[in-house]
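Listed below are the structures to be examined.
Both complexes shown next keep chain A, but they swap its partner, so chain B is in the first and chain C is in the second.
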Partner chain A sequence: MKTKYIKRYFYYIILAIGAFIMLIPFLWVFSNSLKTPENVLRIPPQYIPNPLTLENFKIVLKELSFMRYMANSFFVVIMNLIGTVFSSALIGFGFAMFDFKGKKLLFTLMLATLMMPSQVTMIPTYFIWSKAGFLDTYAPLIIPGFLGQATGIFLFHQNYKSMPNVLYESALIDGCNPLGILFRIYFPLSKPTVMTLVILTFIGAWNNTMGPLLYLQTREKYTLTMGLLTLNSSPIAGANMGVRMAGAVITMAPVILVFLFAQKYFVQGNISSGVKG
Partner chain B sequence: MRKSNFWGLLFVSPFIIGIIVFFVFPVLFSGYISFTKWDMFNPPKFVGLKNWIDSVTNPVFWISFRNVFYFALIFVPLQTIFALIIAHMLNHKIRLKGFFRACYFLPNITPWVAGAIVWKFLYGYDFGLINHILRLLGLNGSYWYDSEKWWVAIGSLALMNVWKGMGQTMVILLAAMQNVPTEIVEAAKAEGAGRTTIFRKITVPMISPMVFLTMILSTISAFTAFDVFLTMFDVYSLPDRNSVVNLMVYREAFMYGKMGPASTLAWMLFIIILIITVIQRKFEKRWVHYEN
Partner chain C sequence: MKRRLISVLLIMVMAMSLLSGCGPSSGKEETKTTDQSVSGTKEENKTEEEKKEESKPVTLTIGLPGGYDVTSKEIIDGFRAAYPHITLVIDEAPWGDFTKKITTQIAGGNAPDIWFQENAAVLGYGDMGAAEDLMPYIKRDLKLEEYASNLFSAQEGEKVWGVPHGGNPIALAYNKDIFDAANVPYPTDDWTYEDMIEAAKLLTKDTNGDGTTDVYGLLTAGGITDGWFPWINSAGGQALDETKRNAVFNDEKSLKGITEWVNTIHTYKISPSRSTNNELGGTAQMFGNGMGAMMFLQYSLGSAVLNTNFPDLNYDTAKIPLTFDGSERVVPNVSNTWLIFSKAKEDNKEAAWTFLKYYLSADVQKLVAESGSTIPVNKEALAYVDTLQSKPLNKKAYTEGVDVAGVTLDENKCWNEWRTAAQPIFNDIMDGKTDPQTGLNQIKTDVQKILDENFNE
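So, the complex of A and B:
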């Protein structure tokens, strides 16, 4: 019995040390974003900022237009949320409820999209958007979401397949057409799936760096990740580490908050998409 | 399941458009481009196998592959081992389980750009926290991501990648462990098996398909990793010793306008990933246990 307790304490110690190591980068960026320029570069390092200053955040938000980038990021994310949830529910429902020509082929193609490195499709996709005249707009970052995305389709497919068939049949008898059945009955019943997909899409779209790097050229259109990526080249931030840290805090804070509030859904989504996808 | 071509195709029509425009066409087109000389403005010119031969004879190409392999070789085993240990510990009656899980998962959802800014600071030579701790311990500080030795530079990025990706693997393995039927564990306990024996003889074989799956997933993610290199290295002045295939694709295409060689490299990457997945599947039978 005694060894069992010792083992338990041992577990707690290891888990706590591990968790602390995982958190060090977060604590460090937060602490340094609140320091004056002289205190950021100091050996031995100052662990708790003294004096505390919000100057770095002011510079980043106002002078380096992170306020603007944040609005852009939210716009892209919200459009992605609407597109992905709506289209994935539609497509997932189609796959789950009907037998139609070419279904197997489409399903195989969906799995293939997950296997193919994005580098293979990157150049032709860029070519399509440039031919269509959509370079330096948000279209390339938003429109693909409206055409379905494998993880989302999969989640809805699993969800709708597991729901009792009677639901569909009785609605049909009551004179509802399949579109109505999806949006009046099935969709409202799949709230956990919707939540999971919302969280996954939010984080994916917010963190997207490659897309904005390829498609956005005008500074005013940058998203936060793009603003942060190019921050080093700005004279103010290049000279001041604290300003860059504040930029990093602003960029990561929204996803961290979303994650902490909806951890349950997120972890679930990650398991099912990571495993089955 | 109802037979209805009309409703079925109507519901999946956005997907059909999407998959043709953004997958089938790009894949075929990129295959074609890999045999041409193309700058995206003038019509592509067919050059046969030239891009493929040029790639294979380019020393930077081999350096890039060495780097990717080395990156995967450090990242995949470390991530799997750490994830297994943490998942195993969290699979007991532990208080603050949700808190611990969140801590380990947090890096996973952080954008790479933000993570890179912090890690560059942590890895810094003069003012970095890591060198400071090393010096406190009486050791010499070192250059890390900006080291002149390729294996130090790529290695420090691989370690960051473990920090970033471990949480996800851990969560998947933890879920697998929680799915191990309690009857089996109880039966083993009744037979007098200790905790270590149960872990080795029951838990590990039962979750081995999941371990295998996460290893395949992390190998693929190591080979397709882009953001970590983009944010930690300077793409525009990258020394050859630190090159990786993905950055080469980006540089060839969007810095030098050489779409042909870029597409060839992307395809080579895909082929290598396929080969590795097939090899891993061959080895799978030796140690993965499947229930029938």
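So, the complex of A and C:
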């Protein structure tokens, strides 16, 4: 019994050390974001900011338009969430519940898109959006979400496949049509899958740098990740590491918060869909 | 149920309409001014036909890496006012990531009509057929005596793939307080590398007597622009030959230069090791903190790092020293270069050249000078730089240096490839892990292989 406890505490200590090592870069960024310019690169380094200042955050939010970038990012992310979750649920439901000619082939092709590196499709995709006249708009960043996303479709497909058929059949007997069955019965029951997809989509859309870099041309439309990149050449932030660190904190914070609040569902979703996390 | 479905669909429709509201015409920064008071240059000598042709409305897309942080908005607005028939569309991207964007745009056949990038990349575009040869335009419209020699930084043979957005040369920066305290005379323009080393020996101090150096006489850098490239030239050596297709590196003169570069750290002990340098934030940071008496300083670092982070630092600059034998001076100069997309429409190419003529004019080049981050190419504006009161006061160290002795960093279309291959070996030489002769032999072999692969297709 005693050995069991010792073993367990030993594992906890190892995990705690590992977690702390992983946290060091985040803590360092956070600490630097609260320092005055002269203290950021001071030798020996200052671990706890003294004096502590919020000036870097003020500069980033007010003078460097991070409020605007954040609003743009939230718009793109929310539209992606709506599009991805509903379209993936719809397509996943279709694959799980209906039999039709070529279903297996279509499903395999859909899954095969997961294996394709984005670099391969980057130039043709850019070509399509530019010819369609959608450069410098959010359309290339949002519309693909409304056309289903392979990971999401797969998650929903696995989830709906695992649900008893009797649910579908009884609803059908009660006069509910397939769309009604999806959104009234199946969708509410797939909360962990929805939350998993929400987290994955949120992180993907929030961190997306290549898309905005290619398709957005005017600074007013930049998302946060693009805003962060502009800090390197900014006369205000270029030489002030503290301002750049404040920009990084603002960019990272929503992703960390979303993950912290939804991680329970994330794990459940992965288990229910049979995807190893 | 139906109502719910309808609301979901409605949300989607609203989202789509929102997106279409962000269409290209609504979002782009297009300004057409009607201000006719500021006209272009030399208008009076042109025929009515030529004027009509020139004032045909054109929409010119201009790629601005770093946006207005790097290219002054005043310059762009001035162009709009001067050429109201040209509608400017700005396509900007963060400075460090512009290359990724432009590569995709070129491949998609949808690059801006004109943009700027580092000179070596522009040479590559020239080679692959994406850059327009500007030699005919230059011959037609520019008076060469009005420009410094680096106007031709992007020349390859008879072709010129671009003109400078601005130059960023190096000079010898020195901390006046450290020189005064050691009673050593300030550097002068007739100093050789030998003089610099001798002065650095006098300036290197262990101020608190703990056995470690606190103030270094010279902060030797490890990179190309302010590190091994000027040093390889310090005894008359070369990295590549004049054709830029053959590696030199290990000739006797280059070996002497690189040996002295390493000696500053390991033999004379007047400079910190590469690891100490990195630990203490790099040469500019150490210089700013008063831990070094001299360093090779790129022009942009003066305003961007020293003047911003160390406003009280008492420093100035002298020209890069003459070679050890006193026979010549070599001033490495990094250029960013404007180029015109070769696949742009003819009208757009002319409009792009109109922009470049405007950019190279003395008045606009003075605005370039005022940014403090780059040296203009127009001689009148170069003279104007000397009158600016920001530190370093002796800006002639840069302007005259680059005008008389400015060289590119042996840039060619595979510059990024060969310098990336050479750098780790130079690091080993600097760290004392490889002796200069062995290292330079290896560099010559590796670089020549890359040059052969790129030029013997």
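Things worth noting here:
The rule is simple: the second predicted complex is superposed on the first by the 253 of 277 C-alpha atoms of A that agree within 3 Å, B and C clash if a C-alpha of one lies under 4 Å from a C-alpha of the other, contacts with A are read in each partner's own complex, and residues count from 1 in each chain.
The working rule: contacts are C-beta pairs under 8 Å (C-beta built on N, C-alpha and C of every residue); 3 or more make two chains touch, one makes a residue touch a chain.
Every value quoted in this text rests on a predicted model; they were computed, and no experiment measured them.
Aligning the two structures on chain A places chain B and chain C in clashing positions. In the superposition on chain A, contact is made by A:Y138 with chain C only, not with chain B.
Of the two partner chains, neither chain B nor chain C is touched by A:L54.
Of the two partner chains placed by the overlay, neither chain B nor chain C lies in contact with A:L111. Residue contacts after overlaying the shared chain place A:K103 against chain B, while chain C stays out of touching range.
Contacts of A:L229 after superposition on the shared chain: both chain B and chain C are touched.
In the superposed model, A:L15 lies in contact with chain B only, and not with chain C. Of the two partner chains placed by superposition, chain B and chain C are both touched by A:S130. Look at A:N240: by the touch rule set out above, it reaches chain C but stays clear of chain B.
More residues of chain A are touched by B (comparison of chain B with chain C).
With both structures placed on the common chain, the touch criterion links A:L214 to chain B and to chain C.
Remark: of the candidate stretches 97-105, 133-141, 403-411 or 439-447 in chain C, the one overlapping chain B after superposition on chain A is 97-105. The intersection of chain A residues touching chain B with those touching chain C, taken from the two complexes, comprises 41, 43, 122-123, 126-127, 130, 146, 209-210, 213-214, 229. Contact residues on chain A toward chain C in their complex (touch as defined above): 37-38, 41, 43, 79, 82-83, 86, 122-123, 126-127, 130, 133-139, 142-143, 146, 176, 179-180, 183-184, 209-210, 213-214, 217-221, 226, 229-230, 232-235, 238-240. Across the interface of their complex, chain A is touched by residues 1, 4-5, 8, 11-12, 15-16, 19-20, 22-24, 27-29, 65-67, 69-70, 89-97, 100-101, 104-105, 107-110, 279-281, 285, 289, 304-305, 308-309 of chain C. Note for the complex: chain A touches chain B at residues 8, 11-12, 14-15, 18-19, 22-26, 28-29, 32, 40-45, 87, 90-91, 93-95, 97-103, 106, 109-110, 112-113, 115-128, 130, 144, 146-148, 153, 178, 182, 203, 206-207, 209-210, 213-214, 224-225, 228-229, 231, 241, 244-245, 247-249, 251-252, 255-256, 259-260, 263, 266-267, 270-271, 274-275. Note for the complex: chain B touches chain A at residues 1-5, 7-12, 14-19, 21-27, 29-30, 33, 40, 82, 85-86, 89-90, 92, 94, 98-107, 109-115, 117-119, 121-122, 126-127, 129, 132, 163, 166-168, 171-172, 175, 210, 213-214, 217, 220, 223-224, 226-227, 230-231, 246, 249-250, 253-254, 259, 262-263, 265-267, 269-270, 273.
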